[in-house]
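The first chain written gets the first letter, and so on, giving A, B, C, D, E and F; residue counts start at 1 in each chain.
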Amino acid sequence: MLLPVSTWQDIEAWLGKSRTIVIPIGSMEQHGPNGFIGTDAICPEVIVRHAESLAPDDMLVGPTFSVGCAQHHLGFPGTITLRPSTMIAAMEDWTESLMRHGFERIYWLNGHGGNIATIEAAFAEIHARRSFDPRGADNRPGIALKRRDWWDFSSVMSLCNQLYPTGHGSHATASEVSVTYHAYPDRARPEVKMSPKIAPSGTISDAVRYRQDFPDGRIGSDPTQSSVEDGAKIVAVAAEAVLEEVRRFAA
Amino acid sequence: MLLPVSTWQDIEAWLGKSRTIVIPIGSMEQHGPNGFIGTDAICPEVIVRHAESLAPDDMLVGPTFSVGCAQHHLGFPGTITLRPSTMIAAMEDWTESLMRHGFERIYWLNGHGGNIATIEAAFAEIHARRSFDPRGADNRPGIALKRRDWWDFSSVMSLCNQLYPTGHGSHATASEVSVTYHAYPDRARPEVKMSPKIAPSGTISDAVRYRQDFPDGRIGSDPTQSSVEDGAKIVAVAAEAVLEEVRRFAA
Amino acid sequence: MLLPVSTWQDIEAWLGKSRTIVIPIGSMEQHGPNGFIGTDAICPEVIVRHAESLAPDDMLVGPTFSVGCAQHHLGFPGTITLRPSTMIAAMEDWTESLMRHGFERIYWLNGHGGNIATIEAAFAEIHARRSFDPRGADNRPGIALKRRDWWDFSSVMSLCNQLYPTGHGSHATASEVSVTYHAYPDRARPEVKMSPKIAPSGTISDAVRYRQDFPDGRIGSDPTQSSVEDGAKIVAVAAEAVLEEVRRFAA
Amino acid sequence: MLLPVSTWQDIEAWLGKSRTIVIPIGSMEQHGPNGFIGTDAICPEVIVRHAESLAPDDMLVGPTFSVGCAQHHLGFPGTITLRPSTMIAAMEDWTESLMRHGFERIYWLNGHGGNIATIEAAFAEIHARRSFDPRGADNRPGIALKRRDWWDFSSVMSLCNQLYPTGHGSHATASEVSVTYHAYPDRARPEVKMSPKIAPSGTISDAVRYRQDFPDGRIGSDPTQSSVEDGAKIVAVAAEAVLEEVRRFAA
Amino acid sequence: MLLPVSTWQDIEAWLGKSRTIVIPIGSMEQHGPNGFIGTDAICPEVIVRHAESLAPDDMLVGPTFSVGCAQHHLGFPGTITLRPSTMIAAMEDWTESLMRHGFERIYWLNGHGGNIATIEAAFAEIHARRSFDPRGADNRPGIALKRRDWWDFSSVMSLCNQLYPTGHGSHATASEVSVTYHAYPDRARPEVKMSPKIAPSGTISDAVRYRQDFPDGRIGSDPTQSSVEDGAKIVAVAAEAVLEEVRRFAA
Amino acid sequence: MLLPVSTWQDIEAWLGKSRTIVIPIGSMEQHGPNGFIGTDAICPEVIVRHAESLAPDDMLVGPTFSVGCAQHHLGFPGTITLRPSTMIAAMEDWTESLMRHGFERIYWLNGHGGNIATIEAAFAEIHARRSFDPRGADNRPGIALKRRDWWDFSSVMSLCNQLYPTGHGSHATASEVSVTYHAYPDRARPEVKMSPKIAPSGTISDAVRYRQDFPDGRIGSDPTQSSVEDGAKIVAVAAEAVLEEVRRFAA
């Protein structure tokens, strides 16, 4: 079930059988010369929605948390970021809202490496309430919060390694660009050339340095390899992995 | 141009000719027995995207700010809210990000009456920086921030009054449900009955009282009148009004 | 009863018969060449105190919340503002304090258009606590929060339109200056001339732009029409309207 | 000059000759069986305004910061408090506003012992900006912030000791009640009896314990000694001391 | 008992007999030409640990809160500060953690005058929770919070006056430097000369002014008098005073 | 050089030759039946100080950030935690203080897995300032922030695997207990028995669940293997690795 296009009665019925919800969480940041700014939000959303389409009764999908932690990409036009402290506050509010309705398990499918630290910090901030004051435990069970990065399933990693033995990279990767091309085939950019073919690698700090170190935005990748067809394959494998894991998480 | 499916080079090129961006801003909250929880995010997004399709060179559309101020709807499962203080912080971060790139005019197309106060408070919070310290003005022009509620164009109001002379209402309105049915025709719910046909009216405070006063979530509306066809008409009129206003705003 | 000059036993006795309190809320900001900086705090205070004098047993008046949201006036010396986020925190603390004592209904008589959004956002922030966690409802009833702008009674508006058919304006209005002259007749400034006689109109953003657009601080008004006598009339009509509305609100 | 009843041109003229402003700062809290809840705001306000009346050209008086830190008095109806963190934020905003206009010296005349720590913490928070980033010093001089408790002049203390050799106390003191009776003679409560005549002494923590330890709200005082006449004497002496100190501070 | 080198079972056992804990709290800031940057953290830590060694069963010592409010010293390399608002938040978290385990009395032995205001503001912030909502009192007793500045015992002050009849001073004092030399005799700096011998006195605001007014960092002191031997004497006297007071506080 | 026992002139001299500082960062939390509550603060502190002793001219060591993110351990007496949002604010203040003096590279040697996410989130929060407003870059270089977990050097991991082929674990590990025994040999607890010998493994959420899942506090470890001698070996290897890495980082 997709929460944004469901009624509250649908969700009430869902809660009669399950206490689990899946939230795609991404970022709005540059993805090099042929990748979309919304890549990191699009990927988990597309994967989760495909998973939901396979088993609509087994998965409730919430709205996409689409703007995350991308301060290091602000040197490139179009990037939008939250400060980590704002993101923690927003994730708290989402979680408190869902707990109000009786949700006890939230599975966040993450599309952005730069979100990982802040998502985990937000989990600790949320758990801290019950940890400080366990009296609430009598009335309200604790909340289970799980983060999964969509590329971090062994089946997905195997496929990506097989598709892109070189130049997969770590930002604006060949695989994520393929997933977005699968989602928006009309907007694919096969014509874009890049130089060097494989982007440099390095570490990340602030936006000024990032743009100096990675002039076209990519890190370690050659996304000219990306294609709509590859994207379809990756989405299929990832969706299956997500579906299986969510079923176990909900159990 | 749609920012989430553009590259950073596209946005760089856009900034060479315009300093304006449009942000749809909505809410994730119950909309009665036949309305979608995502109604208030879907409506401005659909309208803006239709406007953009009419004149892609005249409008840049950012990601949708899809979760807003909906604390009063928390009595109904599925509603997700930000606290106003969190929403102010998030809108500040979005705006600061966009100003970093050179945007000078942000047009927020709003889909939720409950967002109005917090959006305006956020504008004041953002303007306060330059107001406290105008020295920044030498380096960076002030930012123009404008909110428009999509239903608040005279052409749109006329059409809605004509389509729904009675039972248009103020929450889960006949018109907004039509717009979402137009966007997701497969999910329309013509079969849902409601009693009373026209929901009661009243004032809003917290979620406990809201559910007592408005048991099925609607306020003053009869959205059984809603239809895919009406939605198409409303979107067409609203998109035209938005396009015209954005052109003036950008000038 | 006036809280600041009452004892705690007086308030304890009041709570034995009523759960309602009235708070004047204003701003400290320039009001053009002949208006006082404290105009927006003085007006609701004077009106409420006059209302209280008519029926001391029917109205408890708290201290005046005298500094509000006035960032846009910071280009003019003497203006003092809170950021909206600070104002929300302060209104929360006032409300929590009053709830601690058993107050269940707070009526905020507002004197400043620029406060409206932040007052409403503060209400949502305050209500959000109970909305997120309704278990508190068993022990403590929800709080009723109402904002009324003093000029927004039909009787007051009629009188102002009659007194000032042209040049009433929207900032440093003829009516508010009259109310403050009535309160401080020795400080009235009948000698001040203005040019143009009726100030320009327009929209508001930050303080730099405000001063450019409205060089002497007024918006759309000709307050050279203001007088002590007019002020007395306006206060009489407004006080009556407030008294009647507070009685209904408290019931 | 009194800022709330001045125009912005008056303040602009003041800034041509002085960079100093005086802010009365108090609290809204119970003051025992015959003291007003507003005592701590009324006292510094009355003293400062009397001082200003003696030398209107030598002193600019801002609005009264009338609600301070009074959490320990919340056990008594009518008390209103800010949390210290809110009070720090509000004092920052007031100070930033005044610095925007060119004020360089702010003298806070304090009426409440419970405010002392938070006022000083707010000063440190405000100074920290320049301390962290002294580059601002080129454009904008540092701000001088001074707190004076009105009872803490040797002339005032001598007078109080002489008027009330026993039972002056530390909360709801004989002297502060006299000052408020002088300000509001019609509201004096000579008829109120107290038992014990001199209230107990002790330390302060939270509101629950405070009410247990100090059942009628007083600490160590016998304010049945208070009178309108004493208040006049105290105000005269305190105003003179304030005026002299402000002149030195401004120099 | 020293908490950092105890096990949780040790603390569980301690809580079986006592609800009191002692926290040394200091600062990390310049202390003139021969004083250590950590002076204000070292002093209370050394004193408390000596006290604990005299009666390990009577005193539980927590970790040292070693970085406090030192914005005014930022003009001197090595100083590290928290903003007051951050320090309040951190002290809240420490206190909430300790209350979770059943501690009911926290004795903060303070080593820095510049911390006093913020520590007291933090106490008020912490107490405010119970003051706003006393219902928690049924389940959880209030917390007793006490601050003691280590130099503020009469026995300690007598000794310091006797050891340093002139040039004790108020920052980088002869006594505190002696205490740190006693703690780290190998790092004593008998060779350092200072000019003037006794540093100037004055008031404190921000770091830019502090360095102008107190060029080598000292205020009013001549710490060339400091010695390891004096430090031993001071620690002995202070530790005894702390031990006695903690025993009374815990009773 | 050790900052807490240095003078400001020492740090000024250091800055003449280096812009790098090392900060040990840990936690105050239960470490099972024979581990100290301060383990995670003690380990990086001991290692860094040993490294400094090997090459005092090559390493400046700041104070230990000793209380971190340990909400999940609050079920065990003695644990003290910061909320992640507080920890971010405190790390910002430390970093801003150090940047004020001219430090450009901060190396945080971390002793607690539960700190990792929040440290990285704090880095992003700190970098965001320059990312949002790169104009600061002209005056002030960006800051380099690096986190290293002390156990995460290959030489250290090899040694630990060799010393504890089974039961090294992930909380209250055999190696960290050894390091603390080396630091405080008199407090070693060879007599403590544990059952089961190797603790269970699992995932972490809030404190209530943690204590249910890991009844004596350990995760996956058998720290009865720990010894003073092992600790010495580990410290030697880790200190060498830290020294080498800091030299490279500073270059």
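Assorted remarks:
Here, contacts are C-beta pairs under 8 Å (C-beta built on N, C-alpha and C of every residue); 3 or more make two chains touch, one makes a residue touch a chain.
Note that this is a predicted model, so its numbers are computed, not measured.
In summary, the chains found to touch both subunit E and subunit F are A, D.
Each step here moves to a touching chain, and the least such steps from subunit B to subunit E number 2. Averaging C-alpha coordinates per chain places the centre of subunit D 30 Å away from that of subunit E.
Chain centres here are Cα means. That of subunit C falls 47 Å from that of subunit E. Taking the mean of the C-alpha atoms as each chain's centre, subunit A and subunit D sit 54 Å apart. Shared contact sites, meaning residues of subunit E that touch two or more other chains, fall at 74, 81, 83, 85, 89, 97, 100, 131-132, 134. The complete set of chain-chain contacts reads A-B, A-C, A-E, A-F, B-C, B-D, B-F, C-D, C-E, D-E, D-F, E-F.
Chain contact summary for the complex, subunit C toward subunit E: residues 96-97, 100, 139. Across the complex, subunit D meets subunit C through its residues 3-12, 14-15, 28, 30-38, 41-42, 62-64, 66-67, 74, 76-83, 85-86, 89-90, 92-94, 97-98, 100-102, 180, 184, 187, 189, 217.
Those residues of subunit C lying in contact with subunit A across their complex are 131-135. Residues of subunit E touching subunit D in their complex: 69, 71-72, 74-75, 81, 83-85, 88-89, 114, 116-125, 127-128, 130-132, 134, 137, 142-145, 205-209.
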